[in-house]
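In what follows, subunit A forms one complex with subunit B and a second complex with subunit C.
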Partner chain A sequence: MSILTLLFYAIALLIVVATAMAVTRRNMVHAVLYLVLSFFGTAMLFYLLGAPFLAALEIIIYAGAIMVLFLFLIMMIRLKTLPGMFFPVGQLLPAILISAGFLVVSSVMVGRNPAGWAPMPAAQASPLAFGVYLFQTHWLAVEIASMLLLVALVGAYVLGRRVRGPSADAREEAP
Partner chain B sequence: MDTLLGLIVLLIKIAVMLGGLLLAASYLVWLERKLLARLQIRLGPNRAGIFGLLQPIADAIKLLTKEDIVPSAADGFIFRLAPAVVAVTALLMFAVVPLGPDIRVFGRAVPMVITDLNVGLLFVFALSSLGVYGVALGGWASNSKFALLGGIRGAAQMISYELALGLSLVPVVMLAGSFSLTTIVDAQAGIPFIVLQPVSFAIFVISAMAESKRIPFDLPEAENELGAGFHTEYSGMRFGLFFLGEYVHIQVLGALTAVFFLGGWHGPLLPPVVWLMLKIFIVAVIMIWIRGTLPRLRYDQLMALGWKVLIPASLINIVVTGAFIQFGTI
Partner chain C sequence: MNWILLTPELTVLLAAALFLVLACLKPDPRRDYQLAVTMAAFAVAAATACATMSGDLFNHVYRVDLFSQVFKALLAIGFFLVIFLCDDFQGVAPSHHGEGYFLLAVCTLSMMMLASAVHLLAIVLALELSSYSLYILVFLRQEHRWGMITGLRYFLVGASASAIMLFGLAIIYGVTGAVHIDMLIQQLPAMMGHPMAVTGLLLTLAGFFFKLAVFPFHFWAPEAYQGAPNQVAAFIAAVSKVAAVAILLRMISMAQGNSDQLARGLIAMAVISMTVGNLAAIAQRDFKRLMAFSSVAHAGYLLLGMLCMTPAGYGAAMFYGAAVLIMKYTCFMVMTRVADDGRNLQIDELAGLHRRSPLLALALMMALFSLAGIPPTIGFVGKLMIFVAAMQKGYLVLVLVAMANVVVSLYYYLLVLKAAYLDEPAQVLPSISLTMPARLVAVAMIALIVGLGFYPTTLLDLVQAAVLRLP
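Right after this comes the complex of A and B.
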């Protein structure tokens, strides 16, 4: 067992534990923090597997931007902790079904290719190589994703406009 | 043997860097108090030692010996964690800042940087975006209205200006062709990027100042409306850590401005490390000067400046830079 293998399992354990803690916390801020810890684990895993660029992006986008936004909303809304079961049955069942399905599909995909079981050689992808590969081989997927984001942006804009009626300004003007 | 030697060299470099940073941070406080006092026609600290030079040491002793109070309604663990997040993220950024060209010690090349990551710029950016957790969580965990408002403002402000900060550095990466801070400095051996990218420089300085939460962007701690904002409930050295984080952040800002736009350690006559320190010093003095001069922005002005001016300007700047690289002579 090499040191890389040890590191891999330690980080994997960290990710699993942090994520489990995140989905079972009743305090939303604690849940967000455990999720951030789990993203840190994922970033470390990316770095370990030789993708420093992805590791940095994982931290910047997920831990640094999206989770800050979550935290911001939780702090603004100040949710009251509800009594009763944390997971209502109506949410629990679909969650279990979807994750079981995902587990089956991913294990079948890993198992189908015997090369997937071979240990990976140590390598590191430079940001330049990663960019060239992404935009030469998978440019269509990148374009589709950016189109999706544009649609989401326009949608958010439309939703944001509808709430603010023309009367809001008029009310503000009146002393 | 080589591994052990490398480890020893690394530990020495980290120790020197941390020691220097903390010392500089405490004297930056002195410099700021002195300069602000002169700008406001006062004398500033002048009791402890000649010119008040022992004041930072007196302050440090005072902070360390004060009682550490955790409010009973606070979330204990997060309350204790938040100041450390602010200080650690600020200190860690210096791990990728190159202080000079490689030097030779006993025939071995020793790089004058703790670690030359090939994603160094993104590393700095990631740490700067994590620094907001200290502010937001400190404000939330205090369980106080003023602190919470400060924390929320901090989170909103950081999200808004992070985008402009990141986009303003894209042209620098395009010109240098690398995320590594060492390569970016090397690319400025001839002309510093401030000459080629004045717009980028302006956007970077404005949004980096917003990230460091100083006047005119100090809404998270606006003392005349929020007490002390996110650190209202902190006392003793935990407050000291927030303070330390702020002053290390000024040095970070100076170092990053120097590395990305002012040519890093490049300069005639003087040794490279001196040039870098000189550039950091100049940026720090300008920031103190700005603090003594400008009023605080209103919240809507802050948001409008970030989203409606800086982000569009940086996007246009990226396109123009791309056109110049493709068709021009840069």
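Right after this comes the complex of A and C.
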């Protein structure tokens, strides 16, 4: 067993534990912090598999930007922790059924004879090559995505103004 | 890169940029409306001027040909007509008119891109862009109890449809390893016996069925129409359907007609859409809800043309897409003019319309006759072409089901007409005054509905030439 394999299993264990903690915590802030930990683990996994750029993106965007936004939201809204079961029974039952089905299917797939399988060739790209490819062959898609972000921004602005309540709108229209 | 090919898109983009700036300035509804109408007129001019151009752009991701250009011209005309209807833009707070025009322009732009994109990545992003701008447009409704809940529900259904579509695209990519339509056309037809390929294609179509409001994805339609400002409802009902027809034609034509499994799936959806839409529409009292269920039924007729997978069927579906644009727009135009304070119109409130405004009553009658498929209207020609295409493929039972549905639909369209022409209002209401341009548009709509019913040849030749560009 090489050192890389050992590292892989250690990180995988870390991710599983951190994610399990994240979904079971009652305190939202704790849950988000565990999720950040899990993202860090995923990033390390990407690095180990030879994708340093993806690892950096995972930390910068998911752990850094999105999760910090979540933290801000939770701290500002101050959600009350509800007593009782986290899921109502009506939702728990279908969830258990679906995950049991998933377990059966995946164990059948794992148990199949692996003869004739070919490993996928590893695709490795430097950040430079990736960027050149993206902006040369798919720059229309990049532009559309930027428009999408602009629309989201306008939407957030409109939504944010509306949430202040009807009195705020009425005051705007008065003059 | 030949930027001239992109003129229609660039014009609409310019309009969007202009209104983004204007939305940040002090709101002035009069100025905003005049600018919007001018920009939309430019867009129509650009789209018609570029109608015969062709070429590839953006590293073969974007294809400009007769097929896409005809759809772009239709979209631009629809955009202009809807903007024209916004002269008082009731239903949206005056401070948000700028955002409203901005979102309408962005949505039109993304639908134009949808008609031209031939790379799955660009298609998905353009579809998302059009959906998101529509979610926010629904949300702009001034009365909170409508906009808030329906906007959210519309968003949730749309996001689920997008997720299903992405799953289907992943399966298609997994089976073929291709993301460009040209590559898929070479690989998919041979694989259509493969259950994975059929499942992938059907799941992919789900995202577009959501736009067209086909049966399992129609649940958003009545609520979104009811909750949206009237002009936005007109945009969703008339213009966004044209874009859905464009992209569905492109996707379904990829199978090149040799898939019985796909056709069977589409037949089931078409039949259920027609039946559910027409039966549910009978019980409606709200004009917009009625129109929403009638949209579901019309999605079924459109699908009937597409599932023939022959050039005749594609041409019929494209013709009917243009017909839906004209008919639905006319209905919503009448509704917006009658409900001039932006409220939701009940069908009873149409009582006495023929005395309050004979022109609007006539426009409504023509549009409803056309929706029901009574000759000589554009709706009759469209339905006839679809049924002929289906008969050529031997779908006799399907045509009979569709005809039975047409009879059912006639019942509730006539109920609306009875309210407008025969019922007497409870109290005498003042007549509806229309400006000169509004009269002109109403007359033009009547002329189009009847004129294209008598002389459909020009438009038919155009759409048949356009669908030949499909593989």
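Keep in mind that, in the parts below, the second predicted complex is superposed on the first by the 96 of 175 C-alpha atoms of A that agree within 3 Å, B and C clash if a C-alpha of one lies under 4 Å from a C-alpha of the other, contacts with A are read in each partner's own complex, and residues count from 1 in each chain.
Note that in this section a residue touches a chain if its C-beta (ideal position, glycine included) is under 8 Å from a C-beta of that chain, and two chains touch if they have at least 3 such contacts.
In this text, all values refer to a predicted model and were calculated from it rather than measured experimentally.
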item	value
Which superposed partner A:158 touches (first subunit B, second subunit C, both, neither)	second
First (subunit B), second (subunit C), both or neither touched by A:147	second
Contacts of A:107 with subunit B and subunit C, given as first, second, both or neither	neither
Which superposed partner A:138 touches (first subunit B, second subunit C, both, neither)	second
Touched partner set for A:91, first subunit B, second subunit C, both or neither	neither
Subunit B versus subunit C as contact partner of A:33, first or second or both or neither	first
Complex interface listing, subunit A residues touching subunit B	29-30, 33, 36, 52-53, 55-57, 59-60, 63-65, 68-69, 71-72, 75-76, 126-128
Subunit C - residues contacting subunit A, complex	20, 23, 57-59, 61-62, 93-96, 99, 102-103, 106, 109-110, 113, 117, 119, 121-122, 125-126, 128-129, 132-133, 135-136, 139-140, 142, 144, 147-148
Partner subunit A, residues of subunit B touching it in the complex	75, 78, 117-119, 122-123, 125-126, 129-130, 132-133, 136-137, 139-140, 148, 151-152, 155-156, 158-159, 162, 166, 177-179
Subunit C-touching residues of subunit A, taken from the complex the two chains share	136-141, 144-145, 147-148, 150-152, 154-155, 157-159, 162, 166, 169, 172-173
